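The two complexes that follow have chain A in common; it is paired with chain B in the first and with chain C in the second.
On to the complex of A and B.
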């Protein structure tokens, strides 16, 4: 219940300030427009559209997901959080907020992307939904812990994408591969190894985050 | 009767190579008001943060016990009330919303009666639904006392408790500090003589530096 209370606090704060939602919405619109303009009337190969979807998702995540901790640090309210909750409560609350934000953001991106790119046709919808679900969880976990690490640093804006890239690279590569499989209509059995890699990535990231967060949060 | 015991054993704090204080020892075992004083940069705020578990000492340890049982650092926040000029409340929320969210995050019920009574004690009742960003710095300071007292803590840590307060604000704060000092340990870090006059025992930090 305590992480949920922290999530509700962040949700109400977001409704008042609209820091993350506004920057995410603007970035999604700008990124999709740039891709549309750069493609023009060219015919895009089908396997490229899956990759471009994840490029938009990755950079959109970079623009909004760091807010979880950076907003607290910028406003000077980190000490207040220290005084009211355990580190695990804080991590769970922030993770819950980022999970919901990632799912909402990626649902919007995928719907817009499907409407704008006619080459983006999913043949194995269940495989795509599973990929989407697992990748969003991984993206939320990784962005939350990276946001906690960079919130203490000076150049937060630059550091976030720089630090995120190597950590998110395995996730993005596997997600691109699985999206391409679902566009080709590959069966679950043939994609099982990649799905297991995605599950392992999420488990490793979650375990490492819980082990690291106490050290990051204190001092 | 509040059986709280607070002790520091051989606490040393360094920031990089800079030594703040060395081998600091004290025991606060009786309810009352304790003062920490010292010149600017002597480490008053650092010591208060170490006592509150916000930062760690370079060496040594702080012991918090209640009814002779150690309170571990993870649960310390449930037992202490903390006020400091560098503590900032959520400006996009009203006082009511701030303290309601905070109570829920702590996992306790929001006590409306206690909230109203504290808001009245600190002369803020008529502004309880206004956003904190519209408060003056003195009003924000008074709100921090309400934040520190809402969960009925067993120990109060006050760093420069009267900063930004006018005479009426100081009076209300002193009244509450005296009341709280009767049934719990209150630690004040300050250089203000009027704050230190409330203290039964004073710890001077220059004495602990090489």
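On to the complex of A and C.
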């Protein structure tokens, strides 16, 4: 079985209930409105808006991305997947699904966010797009492997953000830095080290995930 | 037995020397420490603060090594060893945070200022906390060992970011930060204005604390084995 077939299966079962997409969309709206209510009519400092964007992204990701594996355990379809595919195929398929979900989610968040916050002005758009692209990939990889761990553990809901936060912290810190750079209009050369760190994080996470997924899955 | 006496003498010497040796402007004899501008008497906590931070990372390293060993051999003893190492690591992590906060209060003016190294010790504490939360959520022994081993390895690959990369590319207050004037290349932390006797006691302290860690780890592991044996006896009646 190809990873793409698994992705298609996930896509169709997602379309049937629209659980992940609906809960994600509602969560984005809730998170953004909580921030807007708490700010009220105050003026927000510019560098704060860049950080708040990543708060919204982190918690939205935590609310929906564990679905990929938890749903299989809930439906009891894990054994079937064991029979028809290799672990690496399963991981590829789930990663592809989460990647697309993360990109959709973050595009919606960023568009809504820049519409709602007047202070959120990007001066170096290319740098921001690169940051956005790289950190979305990292977010998808880390959340997929943690979702696999969570689906095998007992307490599924509460443990997911607890386990993900320390793993995602380097990514979030670097992304916040790069977002504030792109808001200040810093050039590519000055932000090169941070971009390299982001690429390193993605490569390391992807390698570790592929190596460790077998152990989780064959349990 | 001999090495326990040796450890006792070493730790006693390090504690006495670290606390009581005077700090003077121009050291004449070997037992006098040089005056480091901006640190003065505060500098003495380095003999106890840095070893605890060092053992936090060592605890994590040992825990991960035994996690890898468990995944290869599936032997539950390795899981117990990894668990004890992580327990000790958490204790030293809290000690490093507290001693660091106390030192920061007197050297920088506030207990906590989100310096990159403070952020990284906080992240390590979060990782340890998450690891124990994961362990307590799983009932089956084999499953718990496997999943926690996987998580420990996954968390370990992010540690270089906290310990080596972030403190050097972000502005901070510790030596070796991106905006540091004394070691602009981001050199090692110990490289500032310590004289040879200070360095000697610093490294003796590191060695003594590492032996202490090994001893505590050994005792913890054996007590865990005895506990399990007793539990089995109680169940069997």
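Here is the rule we go by: the second predicted complex is superposed on the first by the 218 of 219 C-alpha atoms of A that agree within 3 Å, B and C clash if a C-alpha of one lies under 4 Å from a C-alpha of the other, contacts with A are read in each partner's own complex, and residues count from 1 in each chain.
The working rule: a contact is a pair of C-beta atoms (placed from the backbone, for glycine too) under 8 Å apart; a residue touches a chain by one contact, two chains touch by 3 or more.
Everything numeric here is computed off the predicted structure, so don't read it as measured data.
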Simultaneous placement of chain C and chain B on chain A, clash or fit: fit
Partner chain(s) touched by A:85 [first = chain B, second = chain C, both, neither]: first
Partner chain in contact with A:77 - chain B first, chain C second, else both or neither: first
Partner chain in contact with A:208 - chain B first, chain C second, else both or neither: second
Chain B versus chain C as contact partner of A:170, first or second or both or neither: second
Which superposed partner A:48 touches (first chain B, second chain C, both, neither): neither
Touched partner set for A:184, first chain B, second chain C, both or neither: neither
Which superposed partner A:199 touches (first chain B, second chain C, both, neither): neither
Shortest span in Å between Cα atoms of chain B and of chain C, once chain A is used as the common reference: 6
Chain B/chain C common contact set on chain A: 219
Chain A to chain B touching residues, read off their complex: 1-2, 5-6, 8-9, 12-13, 16-17, 75-77, 79-80, 82-87, 89, 93, 218-219
Chain B residues within the chain A interface of the complex: 52, 54-56, 74-75, 77, 80, 82, 84, 86-93, 97, 101-102, 104-107, 147
Residue numbers on chain C that touch chain A, as the complex places them: 71, 119, 123, 126-127, 129-130, 133-134, 137-139, 142-143, 146-147, 149-151, 153-155, 157-158, 161-162, 165-166, 169-170
Touching residues (chain side chain A, partner chain C) in the complex: 145-146, 149, 152-155, 159, 162-163, 165-167, 169-170, 173, 177, 193-194, 197, 201, 204-205, 208-209, 212, 215-216, 219
